[in-house]
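Take a look at this one; I'll ask things after.
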Amino acid sequence: MMTAFATGCRSVKFSRQIQDLRKYSQNAVDLKGMFPPIPTPFDEKEGTVAYDKLHQNFNKWNTKPFRGYTVMGSNGEYPFLSAFERVELVKNVRQMIPDGKLLVAGSGCESTIETIIMTEQMAKHGADVALVITPFYYKSGVTQSGLARHYEEVASNSPIPVLIYNVTVNTGLDLPIETILRLSNHKNIIGMKDSNGDIAKLTNVIFRTKSVPGGFQVLAGSASFLLPAFSVGCVGGVCALANMLGDEVCRVQDLFDNEKMEEAKLLQQRLVAPNIAVTKQFGVPGLKAALDAFGYYGGKTRLPLEDLSASSRSQMLKIFNNSGFFNQ
Amino acid sequence: MMTAFATGCRSVKFSRQIQDLRKYSQNAVDLKGMFPPIPTPFDEKEGTVAYDKLHQNFNKWNTKPFRGYTVMGSNGEYPFLSAFERVELVKNVRQMIPDGKLLVAGSGCESTIETIIMTEQMAKHGADVALVITPFYYKSGVTQSGLARHYEEVASNSPIPVLIYNVTVNTGLDLPIETILRLSNHKNIIGMKDSNGDIAKLTNVIFRTKSVPGGFQVLAGSASFLLPAFSVGCVGGVCALANMLGDEVCRVQDLFDNEKMEEAKLLQQRLVAPNIAVTKQFGVPGLKAALDAFGYYGGKTRLPLEDLSASSRSQMLKIFNNSGFFNQ
Amino acid sequence: MMTAFATGCRSVKFSRQIQDLRKYSQNAVDLKGMFPPIPTPFDEKEGTVAYDKLHQNFNKWNTKPFRGYTVMGSNGEYPFLSAFERVELVKNVRQMIPDGKLLVAGSGCESTIETIIMTEQMAKHGADVALVITPFYYKSGVTQSGLARHYEEVASNSPIPVLIYNVTVNTGLDLPIETILRLSNHKNIIGMKDSNGDIAKLTNVIFRTKSVPGGFQVLAGSASFLLPAFSVGCVGGVCALANMLGDEVCRVQDLFDNEKMEEAKLLQQRLVAPNIAVTKQFGVPGLKAALDAFGYYGGKTRLPLEDLSASSRSQMLKIFNNSGFFNQ
Amino acid sequence: MMTAFATGCRSVKFSRQIQDLRKYSQNAVDLKGMFPPIPTPFDEKEGTVAYDKLHQNFNKWNTKPFRGYTVMGSNGEYPFLSAFERVELVKNVRQMIPDGKLLVAGSGCESTIETIIMTEQMAKHGADVALVITPFYYKSGVTQSGLARHYEEVASNSPIPVLIYNVTVNTGLDLPIETILRLSNHKNIIGMKDSNGDIAKLTNVIFRTKSVPGGFQVLAGSASFLLPAFSVGCVGGVCALANMLGDEVCRVQDLFDNEKMEEAKLLQQRLVAPNIAVTKQFGVPGLKAALDAFGYYGGKTRLPLEDLSASSRSQMLKIFNNSGFFNQ
């Protein structure tokens, strides 16, 4: 029911335990594979979410060998949507994708209580996994104990498994390994998506969570270090570049699984510059411009993000071209 | 009307100009003085906003020589409240303070459209000035032009004057002087609250906005550098410490205005450590614990912030004691 | 004797105590006043130190109301000189300045042993005070205890008083207040030059070292926050801008001492932008170009610093002009 | 001759070209393999370099399948040695290692002129490759053009090939890819040692320098990301952990070369925590304590680095133990 939601969640109590969390044990969801982080298209005139365009995009994406999709992550401009819009988006996307594809939905808010409500709403409307960003406004003002309790409260109250989302470039925070290890023991926290590219840390997390019952799955949050991530034990990726180059990005994992390391290396080397272009170099505006160039609908961002200039657009496409991915 | 608000603001158009912004010219609001940033009290059991406790606190604060109040700033745990709760709080506080006191309300959101709606709602419910934080999730992904347009769109659509809120410790962003100068020319942007303590930058902003029609008023965002800020031309402050030590913090300005520099220096020296204690050292939990110790209602924070431990509480009160402010 | 010095200081023992440090008590040196940080001029052709040009500069500087001079600080390109050159420079400068002017010399090296030797050499050749930068290569690899012992060993072995040099923009380190307080108790450590501009921290250091026997003197390391620094109790400054605008920078202190706060404010406001121009904006190349423009000898820097471009030079002089300091 | 060296290098002219640099073309030196960064042992009593202990260590290291050694890097406490000591060390180590092993020597100083002299001295005394750290004191005060010219001047004047040394944790600087690409075109700059672990950047550097005549070789500066580095095309490593675990660290490369990816992964996973322990966690003191524990001579560091406490030592050895490397 939306009412309680829209009126500020007064009725939610902390520490309410989901009756039977055992059915949400880690074994239930195998994350091996690719989950492109879907940008949110907006109507050119009204600025509202353009579901028709999104549907067109999914018609193409659904032909790719993805394990599933991530919505309402950084690339989905989630901080620019109202609470209501975030839930609506999950509900609509669920209708656009086949049952076999996992729907990972970004449900993180700054407060624990808001995150619990958002996670519940998204689960109710079709999300399979909740992607929960580290709360970040108060930075070091939040203790590690506070961060851990945040995740534990959310996970204990969530009908669906929780994936930790660590993305320092946006949050200014890097979840320490000790806290990750603590959280890996919660049976409804099934893994972590890490966008930082600190490959040593990922390796160490994988090494030290080996004995966790049900396992702890680590997803590379970027195509920029995908092959290195596989080499140390990551199981999949959430890669912006896969929105345009779905087949190629998925192929890195195939090649690695088939021990074709030389081929994998050559492909990985080509992916880095285009991936950087649609992430830290040109950001979401770059990603949307690339979608447009590759036959998807990208369109405009919401302010304060600004659309890419014509010259930046050319520069970006040249980067794809230099890697042999865009020939016009 | 709440409906449009709660459903994600589909009906709001950008660049809608307020018919007659001239009545919101900078001259209209004189910010000289002190505006304590009010913490938001929560009910011990339900976690909802405890308006009764807030009312008790205002009964005391209203006896102090404040120019007004700031609500829904960092110390008000604004990121932890739902959109609805933020507006409700403004509406309620307006009833608790005399007409002569200015109500500055933090209305910033990540997207321009959400900020416009929030600002309008807060204005409608009694805010005199909108305090707008720099959007910060996308960090350098947002261009300076995008940031400037954000503020200009908000200010052009706001029924009340806008105050820029620059607080790098939380946002990871520092608004450059060039952007501030551009914004100072907008007639509905009347000044800036800066919490960074880069006193050279404040001095330069004041120097370079002298010729702006209607002026550009700079508020020190911390008692830690209040006297230095006055020495270079700041007109007032938004100081967490004023929640407990209202008379003392206001007295710094009195002493400065009356050219009692030696006395002002000695008082300022005593304020720094206690102010740091209730801000960057112990954060909002420290501020709330200090309120409790000084006869106000502080109470609990929302998770992921955690209440102060007993030992931290002692340590904090000792710091007040060392400055001669708390004798028990 | 240079031999031991040049051969790597094998003969120096740690913890050798200067026989009678009492004569170096803090009371001995009053730092109240201005100490411009002197740039090191280089010969256009050979790149060696141009002592003739330096002498010309001092002939002018010696007419200004400075308390003394700082050599071999950041503005003196000290990291670009060999150990031998650093000592030679001190020796030569001593001959160029009147007895009444204090010679503060940057003697810091990364290791304690090298710093002890350098300090001793500089003292032997005429330095009155040793300015010792925080060792910074190993960053957090050096413990606070290690940093404190570094300063204590240097001070205990130094024939002249030691001044702590805290300059985060270059070192990436900020000496914590606890370590400063510990060091303030050493009787041969007489104060600190702080270039960071964290005015709250300076205030707190001054407040908490009031009871130190002999006192602890804090110098503002930049003209950008000079008046604010005086307002909280700093005794003087080491200000790059004073190389060109000696009278004006000294006048800030005069005005403050005579309680002409309005006039002081107006002057301080004009100083900030030009000071930023010759420090963080255009660096040492900017400072040298400004010296040339103001009738001193600036000349070239050593590589990897590059001389200012013509357009940057114009931009910089325009900044001086905007503050009314350079009219051509 | 030491005289010119000790007297501040007045006689060195810039841009002096080595007569026949063609013999130092990139093809001449194949860096494939492991180069442990040797710590510098100090005499317990005198604090001087303990060459006898170093000789003992090399007797063991020389039995390992290393490609060569790195001296006077960060792990060698190079900033703590005098200029004279740095050269002496190179000269002595050359006598301790077989002809077939490459001697890579850290010759970087802050100024270009000092780096040229140091590089020449080290080459004269037996270094095969000069490892040149980015000058870092002036941080952004040094332009990219200045940095590039620094390396080009050093390389043009060096009798031996130059390896770029990028280590942000110590320098606070990260050499941008554009500058690296420019430098890769200099025929006496043969590659880069990168300690940052930004594996995406390394991949991109390798991809974009493929067509450089003679090639551009990238070495992983840490065992923490060794296998990932190999997976994207790095040719070798400079790994602190190899000082204790020479066989194991070398084996990662063997396994990778023989396409035993599963085995390589399991070994790499075990290496990360111990490697972090002897680098960023416990630093050089940790590395020296580990050497002692593994039957080498570690000994004391120079101040301001402090020896490891007994409890930190236990903690560190437990980390090795957890990875199965130290069983007592």
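Every chain is named by a letter (A, B, C and D) in the order it is written, and numbering of its residues begins at 1.
One rule holds for everything that comes next: a contact is a pair of C-beta atoms (placed from the backbone, for glycine too) under 8 Å apart; a residue touches a chain by one contact, two chains touch by 3 or more.
Model, not experiment: these values are computed from the prediction.
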Moving step by step through touching chains, the smallest count that connects chain A to chain C is 2
Would you mind checking which chain's C-alpha centre is most distant from the centre of chain A? C
Distance between chain centroids, defined by C-alpha means - chain B, chain C (Å): 37
What is the distance, in whole Å, between the centres of chain B and chain D, each centre taken as the mean of its C-alpha atoms? 50
Distance between chain C and chain D based on Cα centroids, please, to the nearest Å. 33
Among all residues of chain B, those touching at least two other chains are none
Name the touching chain pairs, would you? A-B, A-D, B-C, C-D
Going by the contact rule set out above, which residues of chain B touch chain C in the complex? 197-200, 203-204, 206-208, 222, 224-225, 227-229, 231-233, 256, 259, 261, 264-265, 268-270, 272-273, 275-276
If we count contacts the way the header does, which residues on chain B are in touch with chain A in the complex? 6-10, 14, 46-48, 74, 77, 79-85, 88, 110-114, 135, 137-139, 141-143, 145-147, 149-150, 153, 169-170, 172, 280, 283-284, 302-306
